[in-house]
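Next come two complexes built around chain A: one with chain B, the other with chain C.
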Partner chain A sequence: MRDGTIVVAGASLAALRGAEALRAGGFAGRLVLVGDEPHLPYDRPPLSKHVLTGEIAPGATTLPGVGALRAEWRLGAPAAGLDRAGRALLLAGGERLPFDRLLIATGARARPWPEAGAAALAGVHTLRGRDDAAALAAGLAARPGRVLILGAGFIGCEVASSIRALGLPVTVVDPAPSPLTAALGQVIGGFVAGRMEAAGIDLRMGAEVAHLEGGDGRVRRARLAGGGTIAADLVVVALGAVRNTEWLAGSGLDADEGGLSCDGACRALDAAGRPDDAVFAAGDVARFPHPVYDNRPVALEHWGNAVAQAAHAARAMLEGPEAAGPYAEMPAFWSSQFGLNIKSLGLTEGADAVAIVQGDPRSARFLAVYGREGRTIAAVAVNAGRWLPAYAGAIREGAPFPPITGGADQPHPDPVPPGLPAQAA
Partner chain B sequence: MRVVVDLNRCQAYAQCCYAAPERFVLRGDEILVYDPAPPEAERAAIDRAVLACPVRAIRVEHEPRERAA
Partner chain C sequence: MSDATLFAQVRDPAHRADPYPLYARLRACPVARQDDGTFVASGHAAIRALLHDPRVSSEDLPPAEHPATGNPVKDWIVNPLKDRIADRHRPFIFRDPPDHGALRRQVMAQFTVARVRGMKRRTEALVAECLDRCAGASTFDLVDDLAYPLPVTVICELLGVPREDETRFHAWATQLATALEPESRKDEALRARNTETFDAIADYMRDLIREKRRAPADDMLSGLATAKDPEVGRMSDPDLIATAILLLIAGHETTVNLIANGMLALLRHPDEFARLRADPERAPRVIEEVLRYDPPVHFRTRLARAPIPVAGTVIPEGAPLVLLFAAGNRDPARFPHPDRFDPDREDNQHFGFGGALHYCIGAPLARIEAEAALTALAARLRAPRLAEDPPPYRDGSSLRGPKRLRLVQGPAARPSA
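Let's turn to the complex of A and B:
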């Protein structure tokens, strides 16, 4: 396919890189990008880091690639419905956009605090978009007496690091036993906890906030499920993300808050599991079978996945699903916090052991390999990014785990339980 | 000017920090901080940084030609 109309639902990283890949692949037809935010595609990773510390302006991260795209933009116009039989995307403003192919890249949004009234109190923030970051930065500029962060996942920890760097008192509360438990397990999470406490974070693991309470329309304190309160003038709710799929209700596609199901060629699947040859998905919203992990359906909130999967979808749209083959990009992400550069390859989910195979946590420079049933499934580097790419092959092949022990640079090579959450049955 | 660095790819070789020290810095051992919107006047330095990166992680776009409709 070289002509016709391709509509992209979404205007963030996956949407932009998908659109670029369509042009690079020779698509010369009409290209329309539809975004719920009023902004051109921008980069999100700095929003939880240097935007909060004031080093980068919230509006400065517009992505390269926008200028040369030869696209039409519908910004501030959320996708509101999909007419699959009529091959048209419906926008909230009433516009009907007919397409020959549709790329769905509507991403995800921050999970809000569950008490709607409390979530609307002044001083309660979530962080996903540029406007969220600007609002949070403005709240921080008022020098709140204490900042409370709900959730010790990557966003919660990065935000804690940035706000602590401003010299503000920060409390982090999470029911999990350690920070980053869901992604990295308690072994690495426990190491990060030590860094957080050394930086002066009041870290309350194993604790849960039951209610946020306000006064005069402003948040004042959090009430803990186990009793007691934490006074706070500013609260950041960092409880993960919800995929933006509600607008697909009634389309017949298999979509829920965990994502839109698609096949290895990024074609959206209907409720019966049949691919729609005209509708594709990429980025945070796409739940796809990963061939490295027994084709388990996964939806990855990773920058690199948005780029690679969008390019894969573009190829499948232009050349057909057989030419594209199954999408098999190695999952990878990074996080920087508390002076640590954390980089990961593969998926740790389901790991039954972890071994620190290079370096030493005491030097804050090490690499851990995760295993499952005797096979290598993931690797995580802490301040050791150059060591990480070497492990991609072992993960892809499911090389025997643990790797050799007794090497000169292995203070703690023996595998231990990783302390990851139990998998759902 | 618009700049983005693929930080999966970046391995902190710091060549960009030498090429354009006003716009790229390393924090700690290997956390790269960069200006995503440097002034057009620094085009030559930014282009040197792009060329110097051994893992080809830096992407730049000069003078956007298109605006939102």
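Let's turn to the complex of A and C:
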């Protein structure tokens, strides 16, 4: 397909990279990008890091290359509905955008604090977009007496690191036994916990906030489920993300809070599992079968996935699903926090063992490999990103675990249980 | 079946001018056992896998007898040094984690972006000086007149070797260059002279480091001599000396090939020379393609610490490895039309600077020097031709490049106004 109209629902990383791949692939027709935010596509990773520490202005995160796209933009006009039979995207303002192909890249949003009244108190923040980061940075500039972070996942930990770097007192609360438990398990999470405490974070693991309480319209304190309170002038709610799929209700597509189901060619699936040849998905919102993991449906909130999957979807849109083949990009992400560069390959979910195969946590430089039923499924490098590519092949092939022994500085790895949460059946 | 003597043929000076047909034959078996037990990796994927494999050790110095390895750095620099310097003071290119990481980090802390970028203007001025000196001549030797003196001067200034001592380093470097001659291999007297030369460099460095500690200046040696790493503290004197010698030799023996190989490729592809002249912004693309097409360092050696399954074979524990970067750079499975010199190619992930943990620490500096040299040559030379093609080569099969690159200039060879 070279002509006609392609509409992209979404205007962030996956949308931009998809649009670029469509143009690079020869698409010369009309290209429309629809975004709920008023901004052109921007880069999110700095929002929890350099933007909070003041090294990068929120507005300086705009992604390059937007001008060369020859695209129409509908910004500040979120997608509100999909008429599949009529092949049209409906916008909140009432506009109806007919398409020959649609790429859904509406991403995800921060999960809000469940008490709506408390969530609206001044001083209660979430962090997902550029405006969130600007508001949080402004709140931090007022030098709050204590910052409370709810959630010790990647965003919570990165935000804690950035705010601590500003010299502010920070408390982190999470019911899990260690930070990053869901992604990395308690073994590596416990190592990160040590770094956080060494940096002066008041870390409250195994604790849960039941209520946020305010006064004069501002948040004042958090009440813990087990009793007791934590006084805080600023609260960051970092409880994960919710996929933006509500607008697809009634479209007949298989979509829920966990994502929009699609096949290996990124075609959206209906409730009966049939692909729609005109509707594609990529990025955080797309839930796809991963061939490296027994075609288990996964939705990845990874920067690299947004880039690669969008390019894959673009190819399938232009050349057909067979030409594109099944999407099989290795899941990968990175995080920077507390002087640690954490890089991961593969998916740790369901791991029953972890082994430090290179380096030593005592030197804050090591590589851990995760195994499941004797097979290698993931690897995580801490301040050792250059070691990571050695493990990509082993993960892709499901090589015996641990995959490599006899390394230069850790010749006899000793696997232990990783301390990951029990898997849902 | 591949020929188990192919790598020995690579080391034969008869093939120095064009080893690429041999590399193509080697790649038929991406990891090939040679009849001396060495395993040669020549396929891009296999080299990449081995570069990253933690079972592959860089501490591959041969045992007591020091049999010739074909790697001139090893045969004529490291092995003679090994007799004099304890194992733990090997320079960091011959070290594994965790020691390697600490030493490399300490050097990186001195190889700052500001310091390297700060050399850009100076490098351009040095190039102009060199070319001004040749401006009137109808022929000149690009190696002697530019490709060699430029990196030597740059690395001396960066390290903080006093200008007035540069001549001593030139003399030492000339002496070391004789160690690369094939006939010197059996010449015990020459070997002894080379060992003496290294002793002299070590003594010189020791004195210089003492002086830098006493009166630190804004240079890398002062930084290395006085900085304290947060984890391992101050670098020991033997490590400092080994590191300083390594940096000095790396500055002498590699960038010269990048510049000379680059100019050679441009002269053999006059259309590319003309395009670079018309558009100096193409220089980074040209240089990356030179690094792929005809790199300054053709191979590096390693040792297997454990059995390693790779490319359908298993390298046994203890086997010496050769990572033949220049062959991986021409692998048709990785690069379309690999034997074509094409600065416009995309996705050019070459091994011109090695890779993984030991990726060349001086890469940004080498790029600055090569860019300054090639853009100035393209701008100033009028209709240059090679006086001899192929040019004569230095003996090294790893650090490989022309010994001379004599250029004949067209009618007008003047500095541009």
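As a working rule, the second predicted complex is superposed on the first by the 418 of 425 C-alpha atoms of A that agree within 3 Å, B and C clash if a C-alpha of one lies under 4 Å from a C-alpha of the other, contacts with A are read in each partner's own complex, and residues count from 1 in each chain.
Methods note: a contact is a pair of C-beta atoms (placed from the backbone, for glycine too) under 8 Å apart; a residue touches a chain by one contact, two chains touch by 3 or more.
Predicted model only: the values in this text are computed from it and were never measured.
Asks: Quick check for you: in the superposed arrangement, does A:P112 touch first (chain B), second (chain C), both or neither?
Replies: In the superposition, A:P112 touches no partner, neither chain B nor chain C.
Asks: Output check: A:P175 vs chain B and chain C. Expected answer is one of first, second, both, neither. What do you get?
Replies: Neither partner.
Asks: Applying the document's definition of touch, where does A:Q358 land relative to chain B and chain C: first, second, both, or neither?
Replies: A:Q358 contacts chain C only, not chain B.
Asks: Have a look at where A:L63 lands relative to chain B and chain C in the superposition and call it first, second, both or neither.
Replies: In the superposition, A:L63 contacts chain B only.
Asks: Which partner chains sit in contact with A:P291 here, chain B, chain C, both or neither? Use first/second/both/neither.
Replies: Neither: A:P291 stays clear of chain B and chain C.
Asks: Look at A:G393 in the shared chain and tell me whether it touches chain B only, chain C only, both, or neither; answer first, second, both or neither.
Replies: second
Asks: Could you say whether A:I404 touches chain B, chain C, both of them, or neither, answering first, second, both or neither?
Replies: So A:I404 only meets chain C here.
Asks: Is chain A touched at more residues by chain B or by chain C?
Replies: B
Asks: Now for A:G350: first (chain B), second (chain C), both, or neither, which partner does it touch?
Replies: neither
Asks: Return first, second, both or neither, reflecting whether A:P98 touches chain B, chain C, both chains, or no partner chain.
Replies: neither
Asks: Intersection of chain A residues contacting chain B with those contacting chain C?
Replies: In chain A, residues 365, 386, 389 are touched by chain B and also by chain C.
Asks: In their complex, what parts of chain A are in touch with chain B?
Replies: Interface residues on the chain A side: 38, 40, 43, 45-46, 50, 55-57, 60-75, 303-304, 307, 332-334, 336, 339-341, 343, 365, 383, 385-386, 389.
Asks: Please output the residues of chain C touching chain A within their complex, sorted ascending.
Replies: So the residues of chain C in touch with chain A come to 48-49, 52-55, 57, 96-98, 101, 231, 305-307, 317, 356-357, 359.
Asks: For the complex, give me every residue of chain A touching chain C.
Replies: 357-360, 363, 365, 386-390, 393, 404-411
Asks: Could you please specify the touching residues of chain B with respect to chain A in the complex?
Replies: 2-4, 6-8, 10-12, 27-31, 33, 35-37, 59-61, 63-66, 68-69
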